[in-house]
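One chain, chain A, appears in both complexes that follow, with chain B as partner in the first and chain C in the second.
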Partner chain A sequence: MYKVLKATFITIWSLFVLFPIMWAITTSFKPESAVVNGATFIPFLEYQPSLIGWKAILPGPDSLTNLLTPTLNSFIVTAGATAVSLIFGSLAAYGLSRFTYGWKNYSNADIIFFFVSQRIMPPVVLAIPFFLLLKELKLLDTHLGLILVLTSGLMPIVVWLMVDFFNALPREIDEMAMLEGCNPIQAFFRTILPLSKPGLTVAGMFCVIFGWNDIFFALTLTATKVLTLPVAVIALNGTVTPYWILAASTVFSIIPLVGLAFVIERFLSRGNLGGAVR
Partner chain B sequence: MSLILKNVSVTTEKDGVILDDISFEFKPGRIYILIGRTTSGKTSLMRAIAGLLPIDSGQITMNGEDFEDKPIWERDVAVVYQQFINYPNKSVLQNVEFPLLRKGLKKSEAREVALASINKVGLGDYLDRKPAQLSGGQQQRVALARSLSRQSHIMLLDEPLMNLDYKLREQLRVEFKELFNSQKDAVTIYATTEPPEALILGAEILVMHEGRIIQYGSPTEVYEQPQSTTVARVISDPPMSILPVSLSAGEIRFGDGYSQPIPAKMKNFKEGHYQVGIRANDIVSAKSGGEKGTISLVEVSGSETLVYVDTPAGEVVLQMEGIHDVKVGESISIELPGNRLFLFETNGALCVSPDSAGE
Partner chain C sequence: MAKITLSNIGHSYNKDKDQSTWALKPLDMVWESGKTYALLGPSGCGKTTILNTISGLVTPHQGRLLFDDQDVTDVPTAQRNIAQVFQFPTIYRSMSVFENLSFPLVCRGWKPEKIKARVHEIAEILEITDKLGRSAVKLGADEKQLISLGRGLVRDDVSALLMDEPLTVIDPQSKFELRKKIKAINKINNLTVIYVTHDQYEAMTFADELLVMSFGEVIQRGTPEQLFEKPNSKYVGNFIGSPAMNFLPVEAKSSEIYFGSTKLKTSSAHTAVTGKAIEVGIRPEYVSLVTGTGENVIEAELLGHDDLGSVRVLKCVSGGFPISVKIQRNEGLPAGKNLFLKLPSEKSWLYQDGHLA
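Our next item is the complex of A and B:
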């Protein structure tokens, strides 16, 4: 009985959640006639699927706009911010997990809070300072500028997640590595990092999702040269664009994340920490 | 060529004094057993030697080199912990190779040494397994192989048998003796809480208590001449019974009641208050006479029975061969043979120990 209820609930909830996405997917394959004359549902029967929407967003003779360039920009910015955040964030987290820092009454916990507090502030507050900062640095409308700004938002998440993860790893492992001739940096890279794949995967996924979906900073700090995908999609929305093209563009923009979710799922296995300390 | 500790002290805010002015010279080629209760400072002493616990004052030198300026990774100290620490992502072979490669051995040399060491601990068939796929005893052997293969000049073992089951302990204890003896130039320090382990492995015994080394000597010396009641308690298993007594003209009186003629060895001592200690296997249960008491606890362990008796003088533990059908609450008469008594001052210092051949 419980199982049936559970299955029913999950099914209904999934339909509810997935419906807009399914609607977007079907709409992206509809021709003009199938959209403007009221709702149509069944392909081949009620309407003939067409690629008109997709052709409009990809390069080619029927192209309305080319989303491939913004995709590349988004890719560079996301990958860059994620890489920088993961590298420096996990190093910071390792330090905070294994060593004690302090000044007067302030200790590691306060440093961690400092990192997390970066996320408490609404990004709107930061828009103008960041704009002025990047202007002075001549980094407005550049990949590097956007990467740096995104990193400032992503690294706190990495630090926060990874401190917890490193705390859960037995200290004896790094002690042993040091006893066996590794200095702290080598101990980190040779023994702790290989054990941290699950944690880094989760942190990296957060970074990629936040980075890919960022629209606020991309909108305020870049203009034409570094147009990212979300901004490009929103820009389509601002002009008079047919629904089927809009649908195609939104579906196009979520494809990478969906793909990533499927790939990453298999990395998120627990249990590879067994055997360090009984 | 030895490891010398000079006035080593460690005090922390949380635990107070951990190591209290320890001075000792560990010579290479010997096995030193650190014995003491938990929190007596055994682990802290090892961590201090390894560099994992910074020392507040004093000096640690190895072959004349001061350890103070040497970070942990340059000290070349091999450690086997109570928990089995292996790198979970590496196979058995890689685990053992790792420290060798760090030490600068060539890939082929490292493999050779690692294989020899793994075979020595009997894990030759498990080279590619991950630690999680091994049993507890096997994991501890991997840790052991890793430490042995390094040929370090200092080898520290912190209760390495603690988490293993009885059978395996017996087996490894015997193997340890051989393995350690093959380490000719190394200072081997082995910490344990268990007297039998100390006595079996026994080379030199250091008894630790509250951060100090309170007695040092061969197993027989420490066993037969414990310099204080603390040492006697730590080194005796089953525990030594320690009772307050008073000596007076020709008599030794236990607590307020039972008295017996004074043993010859104690005749020369002043009258007054003392403590006596007696080992469980030296106490005799008597049909009549002797000290009367009530049995408070009975532990049967196969070949012997431990009986805890409440007497007017205090609690006494007596060990009887074989299984005995005694019940809690019954009264029992016990005799404390005069020639088996240790006499201690009230402050715990040893006055008289029984003759070793005094059966």
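Our next item is the complex of A and C:
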């Protein structure tokens, strides 16, 4: 009985959640007539599927706008910010997990809070300072500028997640590595890092999602040279763009994240933690 | 191999000024090269702190540490060449058994052929050659502990092997096997070994010398025989031996010792003790049953007995004080409740205020 209830609830809930996505997917394959002349549901019977929406967003004779360049920009910015955040964030987290730092009354916990506090602040507060900063550094409308700004928001997530992750890994492992001739850096790279794949995967996933979805900083700090995918999609929305093209552009922009979700799901279920000691 | 010298080493984890609360109270100690030592004591008495001080995982609050007269107090752990086996088997999960065993050698930049030969040599001794290709995570606790030990043994530059209760998590069946292997390895390598345990049998079977610790202090140091025969305090008498040493309160009257009205002779100088809190200590193994009164014989009442296989421990009470007697099984149980116990003077010692007089 309980199982039936659970299954029913999950089915209804997933229909509810998936409905907008389904709507976007079907609309993206509809021709003009199927969208504007009242609701149509069944392909091939009520309407003939067409690629008119998809052709409009990809390069070609029917192209209205080219989303491939913004996609490449988004890839560069997201990958760059994620890589920088993961490398420096996990190093910082390892240090905060294994060594004690302090000055007067401030300790490791305060340093961790300092990192997390970067995310407590609403991004809008930072828009003007970042703009002026990047202007001074001549990094406005560049990949590097956006990567640096996104890193400031992503690294706190990495530090916060990875400190907890490293705390859960037994200290004996790095102590043993040091006894066997590693310095702390070698101990981290040779013994701790190989065990950290699940933690780094989760942290990386958050970085990719937040980085890919970022619109605020991309909108304020870049213009024509580094147009990212969310900004390009929103720009389509700003002009009078037909629904089928909008639908195609939104579906197009979530494909990478959906793909990533499938890859990572398998990876996460493989990575079980603990058990290095005892 | 190295001689290890602790010079006035003391440590407090919370940097307390009051030395009486320190985890390790300042102590001087020399550990000879090639010998096996056992640190014995209850949990929290500072055994692990000593080990971690030697390996460099803990920097002592005060004092200097010397390996062969070379000051290593400020030398990083990696350069001290210490092999340590922790209480819980520590393995590198992401690696195979072979990779685990070769890790210290890879850290030292050995050539792959040389590493392979050495790892196989050690695997042979530990009898895990057939498991070298397997993932280390999938092994049982005893095999994991063997690998921890193996990683210490593959190195040819080890100054000392420190073992921190390595058999605690091992089930009794495998314990015997593992203990045998550790002993065999110690013989082959002739290392300086410091073995921490709270199990006195383990300590006595492994060690050339035992150190009994309590509250951050070494109470007594000596061979297993010395600690058994002549413990320097009630603490050691109670800690070493099973059942614990018997202690009977006595009175000193003009350099003669009386338990109730019975005059007792002991091996201690009777003039050494005065006043109160004087006790006679004797091992249950040395108390014997006799048929009638005589010199150093006290009367006791039998309350019950524990059967320990080849021996029995008789639980008696004399003058209101408990006394245990260990007898061989083939001696048979005494017939009545009222016993005469002989306390041989050469095995009896006087203790005052808990310390050997």
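One rule holds for everything that comes next: the second predicted complex is superposed on the first by the 272 of 278 C-alpha atoms of A that agree within 3 Å, B and C clash if a C-alpha of one lies under 4 Å from a C-alpha of the other, contacts with A are read in each partner's own complex, and residues count from 1 in each chain.
One rule holds in what follows: contacts are C-beta pairs under 8 Å (C-beta built on N, C-alpha and C of every residue); 3 or more make two chains touch, one makes a residue touch a chain.
What you see is a predicted model; the values in this text were computed from it and never measured.
*Asks:* Mind checking the superposed model to see whether chain B and chain C fit together on chain A or clash?
*Replies:* Aligned on chain A, chain C clashes with chain B.
*Asks:* Quick check on the superposed pair: does A:V116 touch chain B, chain C, both, or neither? Answer first, second, both or neither.
*Replies:* Touch status of A:V116: no partner.
*Asks:* Applying the document's definition of touch, where does A:A235 land relative to chain B and chain C: first, second, both, or neither?
*Replies:* So A:A235 meets neither chain B nor chain C here.
*Asks:* If we overlay the two complexes on their shared chain A, which of chain B and chain C does A:I209 touch? Say first, second, both or neither.
*Replies:* A:I209 contacts neither chain B nor chain C.
*Asks:* So, A:P194: does it touch chain B (first), chain C (second), both, or neither?
*Replies:* In the superposed model, A:P194 contacts both chain B and chain C.
*Asks:* Given the touch rule stated above, what does A:E175 touch, chain B (first), chain C (second), both, or neither?
*Replies:* Once the two structures are laid over each other on A, A:E175 reaches both partners.
*Asks:* After superposition on the shared chain, which partner residues are touched by A:I264: those of chain B (first), chain C (second), both, or neither?
*Replies:* neither
*Asks:* Where on chain A do the contacts from chain B and from chain C line up?
*Replies:* Of chain A, residues 170, 172-173, 175-183, 186, 190-191, 194-195, 275-278 contact chain B in one complex and chain C in the other.
*Asks:* Spell out the residues on chain B that touch chain A in their complex, using ranges where they run on.
*Replies:* 50, 52, 71-79, 81, 83-89, 98-99, 102-103, 130-134, 136, 139, 146, 150, 163
*Asks:* Can you list the residues on chain A that touch chain C in the complex?
*Replies:* Touch residues, chain A against chain C: 170, 172-173, 175-183, 186, 190-191, 194-195, 275-278.
*Asks:* Name, in rising order, each residue of chain A that touches chain B in their complex.
*Replies:* Residues of chain A touching chain B: 170, 172-173, 175-183, 186, 190-191, 194-195, 272-278.
*Asks:* Considering the complex alone, what residue numbers of chain C touch chain A?
*Replies:* 55-57, 76-79, 81-84, 86, 88-95, 103-104, 107-108, 137, 141, 148, 151, 155, 169
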